[in-house]
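Order of writing sets the chain letters: A, B, C and D. Residues in each chain are counted from 1.
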């Protein structure tokens, strides 16, 4: 599903976010990416959907060469993914319903299918009653859950989430993790950057620990490992 | 320091965020506001600096009547506060240094004083080396720490923080809490909304729990209380 | 493209116009004002040009004949003139008609004529109108050479001043209109660029969700077209109103000014403006968008 | 305000212009283009007005005298005319001079004069110039009544057409300039509003950190002024260049057109445009900001 060979990333302003990353992730895996603030987790994740291009190295996602990809192919790469952004990225001028529906509109799904799926995922994240309001009228955690709903609405082959529970209370976080587990059991590969020790420790999944731009640990059934 | 009498808040779109809130907070207290996502914590906090006006009830902050305040008085209310926003609110076109310095420019502090304080608080949050970059070039956690630096740079009498550790790893979170404790010992009142069970449980401070817009618990030495 | 998607684009377009009230208003009113100014000057320049043409078409060669030319000779000359290249109209003016006209022209100094008593010293003459003004200079000397012709005149100096003036009006007019058109396009494009700029984050979010460039572009294009068309429509309405008012005003007090009649002139100008408004709106959106699509 | 804060505002202004490249460019070029158009038409209308005045000032009353009036009578009349209200200049033209002029005017039809032999049927006359054109209609009948005066003429019809025309040029010119000025202000304000709109979040963040309205407003005001001034400066440069070119062109081929000389005309127009640009820039920023300050 994901192959990273010798990936490095140096931002234009000179800061080096990643050096020499080598990772293989197979279809159906559930992977946590952990590490201190500024370690390079978001950079790692952003490369997967080509928000950020690596400075050097090879990157394949879902069989596609992300680095040498044609500009016109990028949308199709992204459609096969579900992405939860650290800063949500909801469209401020669309209602909650339309924000989620938008991800299906772009793949030109039929109207009835859209209604069904959107209502279903809004139910999953517990925000069906907020369908008609705008993102600006939601609490931080509610926006985060809408972003999650949008990411899973298309049954992506790969779900990428950057701190999807950063603004959620533990109860709601667990609800989200249950959804992720179910999506994962249905065959979706999941990569999730997180600071949530409790979740990582109890889920018992593969953990990739990043520090200072390099992978310091990669365990099949790992723990968070940063003691509070 | 803070007096809330019978405060209710109903947003224009009809959602009721708070009902009948009565709270007294004295100078020098350290208060956690906890509760599930969408409970009304941010609304509670936003009223303190008049981002949101209560629909009914009385609110006094630092001796000022927030509800009946003149429009021209608002800046002076806010200058006596330090605020960490859930969505950071950094100025995208100013460097990290200038973002923090801006809070001192508005009170027309002398140049030398600004340089000294800004460097000092950037050291505190561990980001002095990022002083020359723009917020867009920072990781989520780094932006959050800059927001914290800006909030404390003016030695506010009241520090208001909305999930200041939502995007931070536990280690960095603890560093931040140490800074908060020190600021608190120097006499600053602190109100902090958070989902971080570990922090609330270990700090042993006053906890106000909000659920569905009402206060369900207010303990002097409380715990987080929402089990994962 | 599926019908469903087309429908989505249309819905999207109008919902976006509703939500971006300020920006929509800014673009639309800028289009309206720019095209109003452009249209105003288009009408002005076209009318000036029309006046110039009217003036020019009144320039003619006057051919004075020797008194000795017989009636047959006059007919022959008339045919000869009519056959010349570029000659549009040949009018014969005999001594008597010439005297009548002279009396009229003399106006306040008629006393002078009593001194002439019954003699009529004016010659017979032809007035020749040609297809284009430049022809006059070529024909005049040629005609002077013909037997029976005393001389051929066309008020050299005045006519040349007139030609310079009309040339200036024409060139100036074209330059002005081109400049105004460019300015209008530029200003409108600027405005649209700003409105798109204000929504660059929105565009980037759409890209991250997997929307193709065209999927994002279509609603913007449609929106630009709708706003451009609406702006142009306002401009056209105001212009038509103003020109009609001017015409009826002119009929009352300025009958001597040769203005272009209302129809089909206004329809043509309107069509140009409506098309421009729509095109600029669509192009402006599309071009401005390009930069922000690149994420 | 402290010196330190002033310094901060100035630094802030220029750093903001640097960072908001697109928006700064959009505002500046819109100001430049709008003022360029405005300036162009200001110059055009002022020149047309100047031409109209020149034409009008050439209109005069011609007073024809009876042949019986003595030299003493002529002197008396001359004094009488000169004493009339509004009379600027009185010129006496005797029979001989009149004949000379007539000969010139006749041009191509001089043959006519031979028939007159040596008699001169033209009367003595006065030409009277007045301070303003409206005066002519009042004075002419009054003068006709005087003893020794045969009649007083001023080419009624042509003059009235001329007056209508110049009146239209004047009123039309003022209306046009007012309209263009309003349009320019509106378009510029629109553009600035959009640039401010794109930065509304920035403004609200400043408010939340405790900045007063004026603290936020000053850099925006200064920025508006700098951009407005820069835009106006570009417009002024282009206009001055164009007008100078037009003048030297006109001297060569259009000497008969009375254009306004370069100085101090251009300096005055430039001053107006520079002041307008700066003012519109500052006001546009300030007004647009108002809405977003209210948080």
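One rule holds in what follows: a contact is a pair of C-beta atoms (placed from the backbone, for glycine too) under 8 Å apart; a residue touches a chain by one contact, two chains touch by 3 or more.
Quantities reported herein were computed from a predicted structural model and do not represent experimental measurements.
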| item | value |
| --- | --- |
| Intercentroid distance (Cα basis), chain C paired with chain B, Å | 67 |
| Inter-chain centre distance, chain C versus chain D - centres from mean C-alpha coordinates, in Å | 24 |
| Chain centre separation (chain A, chain C; CA means) in Å | 62 |
| Residues of chain B touching at least two other chains | none |
| Topology of the chain contact graph, where touching chains are joined (line, ring, star, complete, other) | ring |
| Touching chain combinations (by label order) | A-B, A-C, B-D, C-D |
| Complex contacts: residues of chain D adjacent to chain B | 2, 4-5, 8, 15-16, 19-20, 202, 205-213, 215, 294-295 |
| Chain C-touching residues of chain A, taken from the complex the two chains share | 49, 51, 71-72, 74-79, 81, 83, 85, 89-93, 102-103, 105-108, 110-111, 150 |
| Complex contact set, residues of chain C against chain D | 22-23, 26, 29-30, 33-34, 36-37, 40, 62, 64, 102, 108-109, 111-112, 114-116, 119, 121-123, 153, 161, 164-165, 168, 176, 180, 183, 186-187, 190-191, 193-195, 197-198, 253-254, 256-257 |
| Contacting residues of chain A [partner chain B, same complex] | 11, 13, 15, 34-38, 41-43, 86-87, 133, 137-142, 144-145, 162-163, 166-174, 195, 197-198, 226-228 |
